[in-house]
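Order as written gives the chain letters A, B, C and D; numbering starts at 1 within each chain.
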Amino acid sequence: MTAPIEVSGSDSEAQPDAVLEGVGRKAIEGRSLGQIAWMRLRRDKVAIGGGFVVLLLIIVSLPGVTPLLAGWFGSPPNEFHQNLVDATLGSPTKPFGGVSADHIFGIEPINGRDLFSRILYGARVSILIGVLATLVSVVIGTVMGIIAGYFGGWVDTLIARTMDVFLAFPLVLFAISLVGVIPNDLWGLEGNNLRIAILVFIIGFFNWPYIGRIIRGQTLSLREREFVDAARSMGARNSYILFKEILPNLVAPILVYSTLLIPTNILFEAALSFLGVGINPPDPSWGGMLSQATELYSVAPHFVIVPGLAIFVTVLAFNLFGDGLRDALDPRAR
Amino acid sequence: MVAFIVRRLLGAVGLLLIISAVTFAIFFLVPKAAGVTSDDLAGRFAGRQPDAATLAAIKDRFGLDDPVPVQYGKYIKSIVAGDTYDTGTEKIDCPAPCLGYSFRTNQSVLDQILDRAPVTLMITLGAAVLWILAGVSIGVISALKRGTIFDRAAMSVALAGVSLPVFFTGLLSLAFVVHSWNLLPEVNYRGLGDNPFNLLLPWICLAFLYAALYARLTRAGMLETMNEDFIRTARAKGLPERTVVVKHGLRASLTPIMTVFGLDLGLLLGGAIITEKTFSIPGLGQLALDGIFQSDLPVVLGATMTAALFIVLANLVVDILYGVVDPRVRHS
Amino acid sequence: MAADKHAAGKRAGAERDAKAAELINAVPGEEGGGRGAPSAFLEVRDLKIHFPTDDGLVKSVDGLSFQLERGRTLGIVGESGSGKSVTSLGVLGLHNRRNAKVSGEIWLDGQEIVQASPDEVRRLRGRKMAMIFQDPLSAMHPFYTVGHQIIEAYRVHNDVSKQVARKHAIDMLGRVGIPKPDQRVDDYPHQFSGGMRQRAMIAMALSCDPELLIADEPTTALDVTVQAQILDLIRDLQQEFNSAIIMITHDLGVVAELSDDILVMYAGRCAEYASVDDAFHRPLHPYTWGLLGSMPRLDRERTERLLPIKGTPPSLINVPDGCAFNPRCAYRDLNDGKSTTERPELRELEPGHKAACHLPLERRREIWNDEIAPKL
Amino acid sequence: MRSPKVVTGATAGFVALSLGLSACGGGDDGDDKGGSGKFNAGATAVANPSDHKGGVLKMAQPDDFESLDPANIYYAYGLNFVRLFSRTLMTYSSKPGIAGTEMVPDLAEAKGVPSDGQKTWTYKLKRGVKYEDGTEIKAKDIKYAVARTFDRGVLHNGPSYFSQLLAAEGYKGPFKDKNLDAFKGVETPDDYTVVFKLKRPFSEFDQVVGFSGQTAPVPADKDKGVRYGMHPVSSGPYKLEADYQAKKGGTLVRNSNWDPSTDPNRKQLPDKIEVQSGLKAEEIDSRLLAGTVQVDLPGSGVQAAARQEILTKPKLKANADNPVAGFHWYLPINTKNIPNVDCRRAIVYAADRSAMYRAYGGEVGGVMATSIQPPAIPGRDKGTDMFTKADPNFTGDPTQAKAALAKCGKPNGFSTVMTFRSDRPKEKATAEALKQALDKVGIKLELKGYPSGTYTNEQLGAPKFVAKENVGIGTYGWQPDWSTGYGYLQPISDVKAIVPTGNANNAEIDDPQINKMWTDVTAIADPAQRAKVYNQIDARIRDQAYILPNVYAKSLLVRPPNLTNVYFHQGYGMYDYANLGVTG
């Protein structure tokens, strides 16, 4: 937390926030809000740590990088190493899940596949779905939120009610059923590409009201601000006001809540995979590995720990970074 | 206040209607669009190797060849007015609210739901007690001791907590607490007759996640509230700090937490799916999952509607409670 | 995360009362006087309230001294961020103890407050000193009735039954001019109008007969017509209770109306301290001139323009070297650059009239008489 | 490796001493500190024999029976269980080893007498056999029981052999047509004679009558249609104490109107039998190991946790059996999507049998399959490997596979879809293993998992789906309805067995040679002669690479020390539930 937050009362005009506010908005010293946020963020070691892990995960997930790393530190994700596994029990013969120089995270029970590279390839799926689904949510949520907040009236009522309906849906059930009933080739996609697309769509589609509500609220208050009044009084069209006046002011909250939505979506994807509607094997996914582990935790407890920690570290990193970003961009949020 | 409640009730019913229609559409129209015929649907109810006559008999019984709106109409009608089901030799009366009859399990869907609901209820309530006690108190203390070691430690744990899904903590605890160390028995809760403390592990795993969330929420809410003008006023009056914190601060910051709590509770009461799946507890979530994976449409519809009902009800209760707690809402 | 509800710089149009000239002369405090309990009812000595932040040290109050006697009113004026509110909170002990670094002394009726334990200060609050806040809607708890909040304030310092306290609350509500107090006592703050709410707030503040009343912009959030009523009410109550009042405002009209003395704050320090008469007719600080110049007046020709102060208040982290006001001061070049290098001391230039400015006194008088006054 | 010969030879009967069978399963286990038995003691002989009466026998299951209506059950464990309270015309002999697969008379005095070229089968009823209420069981009750199986809309879980075989065109069942005389498929010339009229010759009608509960007599006035299953009327040694509670359980108590002298196949040892449903599988395991539950009803073996414990602790292992159960887990190769025999053979050549074997848990999980028919089928030939090797170290023959691909005209391989049951880790592992192996020769598999709840009806068991999704191969397992080559092979290889949903002929085999053999074999009266034909069909299936053999399932069963008269029943593929007792 960079900005000290007062517990006991003291007038806002003496608040450091307010001081910065005075400096910040029109930049008396030529520092933009973004620069100030960056300054604050840089000072937040924990958030930077989180951001570093996030960056690392993204780099690791890049198409060219994953196989390279898997090659250096492991073996191909689908290669069997059954000689390392007890044929009857299915557990790795070596202790600690078969950790060795060749398999730094150990091996999968039964097949003996290299856990490191499976975790690595799983990261790819998680990050991809997490980020893309967030993008879907943010696009829908922002558009709907702005429309509802800006135009108000029956449009607002309609959209707000729609969001209520969405929020009242038992999402997980719906997502599972939908994945189950959607045909096997669609939109010119098939196989796991289609699976990923469907997961992205479903996760993103069901989560937009969370962003929508926030954007709607922000738009509502922005609409009443002087600069919008000013633009309107000068005869600016709605589209101009929306895109030139309101949208730029929504960039900060959108950025913050997107960052915080990504881990939620990663968890959602992991949950769906855990419940059995994730991507198809043999491609690895973290939730899918845990789902497999429900049958194997007694034989190979490391098979719970490794993918579980991968989820934990990833989600934590995004959360830390998102929290830091929020504190930096919008110290008074919440 | 009465008008307020009536208005909310009507809204809730409307919401349920919409949800049921959408649910119905998804389960009937989407498969249809994907090329599933009524024969296929009938096949879902048949056993091994059904012949054409069997399929025809099943289609006839379920009205699978009716247009979807007609089927939806029948569904709503049976919820409102009840229905009777023909088992072949005898008519089974299914009084309102009749959520349908599962021909896979030969049970009325409502019976199955009523059978499972107590299990989910126990999971949820036990966890809720834990997470409210732990989450709110930690959040309050953290807010009041902002910046201290306690605050930093608590918030670090909380942030870790919100990043730990139940299917990880649950499996971990099963692998070690139950299996390796034999500290607790297998989770085997099946209904009200069983010892609820058998649910200790699911409670802890579920509550840990939510307690973390609530600690963060409470802390943020408390910090905001303790910065409000009326807190300064309370202090200016010379009230003891404890009164200021509890009576003026906590009371005001609990209302938004109440909203979130209502939603979470509603969501979980409709089926703590992941917890139930992780620990294989036969609650509403498992019922719904089984229904989906067995294509038992009446059960899936019933479970979805129940889940939605809980969410809508929870919203309703929260709205009304809001009116009770906050006079401004009551008077508006 | 203080919500910036009272938008800075939003000035209610003040009605200037022409009675400023009749104001009584205030007794200025002995700055840096001897240690130990002072004779004055309230004495603030070299008060500093600093907030260390990641962005630097915020010097909200930076060496402030003043005195106040019972039955008299001190107006503290200044722009947003000048430290006037923090000062009042410091007196009440309501500054954030964890974040703030406080030094100096505050003596209230022979008791020192800065060094006192939080609980000792708490016992003084509400009973010996009370505060009226700017926005009564946000300053009252939305979930409790007005009566409840007054009763609570009364009972914490008086060991009486609820019934007695309730009678007292109704009585207080009546005294501040709320009609049907026995009914309104059970209403919630949001059911009151703005003016009535502020009256209720005042009733709450006065419920224990405090000897020091701090009013922080008590009329800013109110309609103009209601403002005058509230000011009248405060003045009447002061006569009744013989309280000392600190009136915090950026509205010189309010000060002129109510105060005996005036303390002009700039960047956490005192720029000028004078009786109201001196301050309005013989001000000795360019900043005060600016304040007077930017005050709209009914008796001014409409063709004339206001004389606003250029620029914005300084960041309290990076207070300009020398005179804090120098970047905005039109006269800073008239004293060999001293304004940008050396901090001017607060000097008593006339009896009871102090100012902190490097300009030669005569030069200041000239400027006021020749350049400023005619334009006002 | 356990040789089928050993199984055939080990019809030890009621011998107190069990065979050591050191050749079996998880190796030898000489130390006998564990109490009542030795590892595999109950696999081929009766373990812990006793005539001790009394006690409560506790059974548990994670899910529930499809129904307790004997006519509305298809799962073997359900059919095994309902023997406790329902008697049928014929039933499996209650003997360990392969003798258990023999059909013996139950309510009937003797085996069915065929006439009219195997188109008419006549059974004489034993006299004086009673229902739980003391009324005597008559021929009309059996006719009624058979008639009700014609209404598939009401009783849709059970097998449909009677409606397929009996000459009763257009009959819709007694729920729609109360007049039983309209049902021509069964005649009852007197109270103790039941005559079945078939559309076509069928030599294994005794098996049809005996394997399921569909000839268990039902008093017409007690029939409540689908809800009869909540409280079926008993004709066996036990009866339901009260209505059975779905997903909860129920209790069986002694039936005093059961006469042991008429029933050599059942015993009445415990006072009570308690069934608890919905108990978590892991919990059942730990209770089995603790001896607080005696029987895990599904009988398919313990879960991973208990399995590990049993195999690593000799004391526990001594009270476990590891017999070859009824299933053969194999992989049908769809002939519609992969019509070329050499392309199919390429798959068989390339398959990594070692990895697939390990997927099922190695030597404790199964026996590498050589034939399609599992060892429990009397008269079955072990078969030859043809294009693969039943060797735990055989990882496929890419060279031969490539050659076959070249012959098929696709030297660079091809792509197809492979399905599996997503909630069955072993099938998933099998699919992954096959994909790895086929990748090496250029055959690209796309793996798709589906829930087992819909798999056999909507995905692999639905030819339309298979065609639409280009499913070339899938995981599947088949247990025979009854233990003959017909019971095993006909549903999975006869073109007539292909149905739009719930199809078991997943390869969609439509082979003129095989079809002809199926048509002819039903008229052959001699079982040994028939077995020869079955073995020819078996070989033809492998030669044409319609099915990739994989593993004959072995299950790891716990036999608590306080459970008596325990033996693995070949007919049901689990312990025989009708003869168990408890001590202590």
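We take it that a contact is a pair of C-beta atoms (placed from the backbone, for glycine too) under 8 Å apart; a residue touches a chain by one contact, two chains touch by 3 or more.
Nothing here was measured: the structure is a model prediction, and the numbers come from that model.
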Pair joined by the larger number of C-beta contacts - B-C, A-B: A-B
Could you tell me which chain's Cα centre is nearest to the average position of every protein Cα atom shown? B
Using mean C-alpha positions as chain centres, tell me how far chain A is from chain C in Å, no decimals. 49
Whole-Å gap between the CA centroids of chain C and chain D: 92
Find the geometric centre of each of chain B and chain C from their Cα atoms only, then give the gap between the two centres in Å, rounded to an integer. 54
Distance between the CA centroids of chain A and chain B (whole Å) is 23
Residues touching two or more other chains, restricted to chain C: which are they? 1-3, 5, 89, 94, 98
Chain A, residues touching no fewer than two other chains: 4-9, 180, 276, 297-298, 334
Expected list for chain B, residues touching two or more other chains, is 35, 146-147, 179, 223-224, 227-229, 232, 235, 292-293
In the complex, the residues of chain C that touch chain B are 1-3, 5, 89, 92, 94, 98, 118, 122-127, 130-131, 133, 135, 138-143, 149, 152-153, 156-157, 188, 190-191, 201, 204-205
Chain B partner contacts - residues on chain D that touch it in the complex: 64, 66-67, 74, 151-160, 163-164, 173, 175, 223-227, 229, 246-248, 278-283, 286, 305, 423, 451-454, 456-458, 462, 464, 468, 491, 497, 499-504
How about chain A: which of its residues touch chain D in the complex? 78-80, 82, 85, 87-91, 110-111, 180, 184, 191, 276, 280-282, 292, 295-299
Contacting residues of chain B [partner chain C, same complex]: 146-147, 223-224, 227-230, 232-241, 243, 248, 251-252, 325-328, 331
Chain A to chain B touching residues, read off their complex: 4-9, 164-165, 167-170, 172-174, 176-178, 180-183, 263, 267, 270-271, 274-276, 287, 290-291, 293-294, 297-298, 301, 304-305, 308, 311-312, 315-316, 319-320, 323, 334
